[in-house]
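Chain lettering (A, B, C and D) follows the sequence in which the chains are written, and residue indices restart at 1 in each chain.
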Amino acid sequence: MSRFLRLLRGHPAAEQIVPRAGFTAWLTGLTAFAMAALAVCALAATFAAGRLADRWSSELARSSTVQVLAPAEEVDRQVTAALAALRTTPGIVSARALDMAEQEALLAPWIGTGLPLDALPVPRLIVIEETVEGPDAAALALRLTAEAPGAQYDDHTRWRRPMIAAADRLRLISGAALALILFATAAMVTLASRAALAANARVITTLRLVGAEDRFIAGAFTRRFTLRALIGAGLGAAGAALAFLFVPDVGAEGAFVTGLAPQGQEWLALAGVPLIAAITAYIATARAAKRALNTIEEA
Amino acid sequence: MIEFSGTRFSYGQDTILSDLNLSITPGSFHFLTGPSGAGKTTFLKLCYMALTPTGGGLTVFGKEAAMLTRDDIARFRRKIGVMHQNCQFLDHLSVEDNIALPLRVQDKFTESRATDLADLMDWVGLSHRAAALPPELSGGERQRAALARAVMISPDVIIADEPTGNLDWDMAQRVLTLLVELNRMGKAVLIATHDLNIIRSVKGQVNARVLRLKSGQLQLAGSDL
Amino acid sequence: MSRFLRLLRGHPAAEQIVPRAGFTAWLTGLTAFAMAALAVCALAATFAAGRLADRWSSELARSSTVQVLAPAEEVDRQVTAALAALRTTPGIVSARALDMAEQEALLAPWIGTGLPLDALPVPRLIVIEETVEGPDAAALALRLTAEAPGAQYDDHTRWRRPMIAAADRLRLISGAALALILFATAAMVTLASRAALAANARVITTLRLVGAEDRFIAGAFTRRFTLRALIGAGLGAAGAALAFLFVPDVGAEGAFVTGLAPQGQEWLALAGVPLIAAITAYIATARAAKRALNTIEEA
Amino acid sequence: MIEFSGTRFSYGQDTILSDLNLSITPGSFHFLTGPSGAGKTTFLKLCYMALTPTGGGLTVFGKEAAMLTRDDIARFRRKIGVMHQNCQFLDHLSVEDNIALPLRVQDKFTESRATDLADLMDWVGLSHRAAALPPELSGGERQRAALARAVMISPDVIIADEPTGNLDWDMAQRVLTLLVELNRMGKAVLIATHDLNIIRSVKGQVNARVLRLKSGQLQLAGSDL
């Protein structure tokens, strides 16, 4: 790391002596810029997908119900049977029958208050807390039919579960994109610096002819590419981050879906993007320079 | 300073030099002749460690050449002024900066050196082209610039490959006078050339030995020169 | 276009004569590969976000309700008043009171069948078809309080609307990423081919010395870069597309959220990615070559 | 074929050539001498249209040089064999392929040309190095390869810049014999050199004119050669 920092300070003579490397240096900067911007997008997508999946998962945890509708003399037995069945079903964390007061509160918007619920043949509700995966709906329905014919499984999570799957998938894909971006950046910087070094083979042999050490030659190239990558990636990441800042937020309601913009300390992760780009560039260039110095022959 | 003892060299299968024995000592002056393709440049490259012998011994400044790392070689090069046959320059730096290059890579370029540089440029007749880029030089100007760079660090050994190939007679004499002068100051000089007239003109001034490369062997040329 | 195709056929002599361009050619191929893969990801994200937004928008169209709970003698008047208010509220397309049979069907899962609903003080339901933007919830509530104190606006769309906004935002961001990818690819290919041409300045002057025409020199470079870009982008796009193919689908339930993978003719758009990359590379290289041929001096 | 009439040339402010008048006709043989930096190479570059006059007229194959497009120049170059002072090659192609390059860029390389090529390589003594890459050649070998490439297309005009600078006397004679032979077949030959011995050795064989460049002017050298 100290070597990395020393490098950024540079060697005054080497800098003037090695040619400006023109297009390849620009190419590195631009690559770093574009890749950093894309990395920030992918990172933000990963974070957002992760947040979505987390939030929806926790919402799922208490979402489904079983209604038991049976003749008054049967209903208590069936509720007990259904509870027993539910509690031994894999994918269900807990099951609990609502008492009359709770059920009344639940129905109030629909049928108003003041109804003699206990006198009416109103179905009884069992609230279930499921695991994230949830139970096998078809198997559960079959089992309930056998043990409590009046019980009906109502999977409120049905439409949310695929959303979690989708969020997970989005997280997976944006994670893969992130890995691709990192790998591609490393490969591109390697190739760009190799191209620069190969194009400068004569410069290298000439410098050797007049007694320049490896460190001197490699340093000049490495520094240039690392700086380009750092600056390019810094601008790219900042640009993309700014774009996220200025997209208006979803507002309070958005709490449910969560915004696309990074939140809290996720912003810190974005700041890591240019740093990682610079370190990647440093390692890639240093290796390319070492290779070039070993390959390019004396003349 | 440079000791060949039974040194051999071959590019792959092609043996270029076999069983060389020679000692280059401070203050010595050697000419190296031989037909085109005889191996003169190859011999010089062995001297400045651009090539490593494929057999036999070669010691440079007391160290076995085969044992040296690249950075050792870089440091030894600072005591050897090399004028390459192809006159390698950095095309993006001015002629002046190119000539000062050996000092710059050592971070040793100072004010006093700058006067030396101006004098040197004047001597080889390049003062008016100091700011030009190497590709803008004529063939002969490039050779003179290469020689100037070789002597800039006042090295212990000066190695020049065909230093007068593109120079007219007067300019060639001027350049040789510089080398003779440096030799009198105790530097070893080693020049590869195919131009016997050049050799003859120097023989009167210093005690130069003329070596001839023939079928990979080094011979001392007779008094026919 | 015919010029483009002729180019891909190539000039047998030129190909052998211009150096292989090593790293820069690989760099172009790799750039095309990574950029095409990222482009496919971004395209897929754009498509998926578009589909999500569309589907959710259409679901929204009939989602909210107003309950009117009032003494039996009041209820009809308040329903009429509420309907009148709703029909003149901006953001509401239509409003309709459910009749008793519909309401009974709606409540069946909760309170069972066989209840004398008309005899009970059950709230009456008004179903509203909203525009995509929907009404201003606060203003509407205020207005209803004034005209029909027993009416209560229940905005079922509340939690979906931000999701649509999020999907739209996702579409925007992935579209921007797509544009960035296209632009960066063009710039990178331009710089890579300029670097290659600059590195080959001596080759160009030597070829000129022996009587090679511009077309001959430019063609050799252009062809190589275009082919590299085409092959690289083809592999990259195919790789990313395969990744999407092999991610298991969300299944039937997913109809609500829609899969992330492209669907139907969206796949065709993916096939366009390598083509666009190749054309971009062709234009970029041809321009770089023209520039280089005008810049590099005779020797 | 090449007509200078009051031609001037300057690099920026530096006037190198002023008021040149010369006509290079089929079958003519010219030597161009002058001190290093006099403008010999610059003059040759005007002949093969690498540079355009900054004043006066210059017609090449009947066309005004200033009017030519790059592709016109490329086509004229196919009638002019140029041996450049720096011997430019494509370093990734073998020596043989480099010598055949002028034919390849015209898509004219055929079987019969292949025999010509072998003969030519033999004459300049490079048969044993045919498969080598240019950077693996010695300085003199490179010069011979450059000359071989210049004459490969049997051009109407042969322009050679210091063709013998790195060659020993015997090889230089061999190369000159080839040029004299081609001149007898009616080709125009134009050679820039600083080596007066070379000029003397050729003067006995053909009717060569010796031109001298001095302070930007072209003079016909006297009988002192």
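Miscellaneous remarks
Following the convention adopted for this analysis, a residue touches a chain if its C-beta (ideal position, glycine included) is under 8 Å from a C-beta of that chain, and two chains touch if they have at least 3 such contacts.
Nothing here was measured: the structure is a model prediction, and the numbers come from that model.
Counting hops only between chains that touch, chain B reaches chain C in a minimum of 2.
The distance from the centre of chain A to the centre of chain C, each centre being the mean of the chain's C-alpha atoms, comes to 19 Å. The geometric centre of chain A is 67 Å away from that of chain D, both derived from CA atoms.
A straight line joining the Cα centres of chain B and chain D is 29 Å long. If you average the CA atoms of chain C and of chain D, the two centres end up 63 Å from each other. Shared interface positions of chain C, defined as residues touching 2 or more other chains, are 299.
Under the contact definition stated at the top, the residues of chain D that touch 2 or more other chains are 86. Taken as a contact graph, the chains are arranged in a single closed ring, with each chain touching exactly two others.
Going by the touch rule set out above, the chain pairs that meet are A-B, A-C, B-D, C-D.
Every residue of chain C that touches chain A in the complex is listed here, in rising order: 22-24, 26-27, 30-31, 33-34, 37-38, 41, 44-45, 67, 69, 107, 109-112, 114-115, 120-123, 152, 154, 158-159, 161-163, 165-166, 169-170, 172-174, 176-177, 180-181, 183-184, 187-188, 191-192, 194-196, 198-199, 243-244, 247, 250-251, 253-254, 256-260.
Against chain A, in their complex, chain B makes its touches with residues 45, 48-51, 70-71, 73-78, 82, 84, 86, 88-93, 101-102, 104-107, 149, 153.
Across the complex, chain B is touched by residues 11, 34-37, 40-41, 85-86, 125, 136, 138-141, 144, 161-162, 165-171, 194, 196-197 of chain D.
Those residues of chain C that touch chain D in the shared complex are 13-14, 16-17, 19-20, 202-203, 205-216, 293, 298-299.
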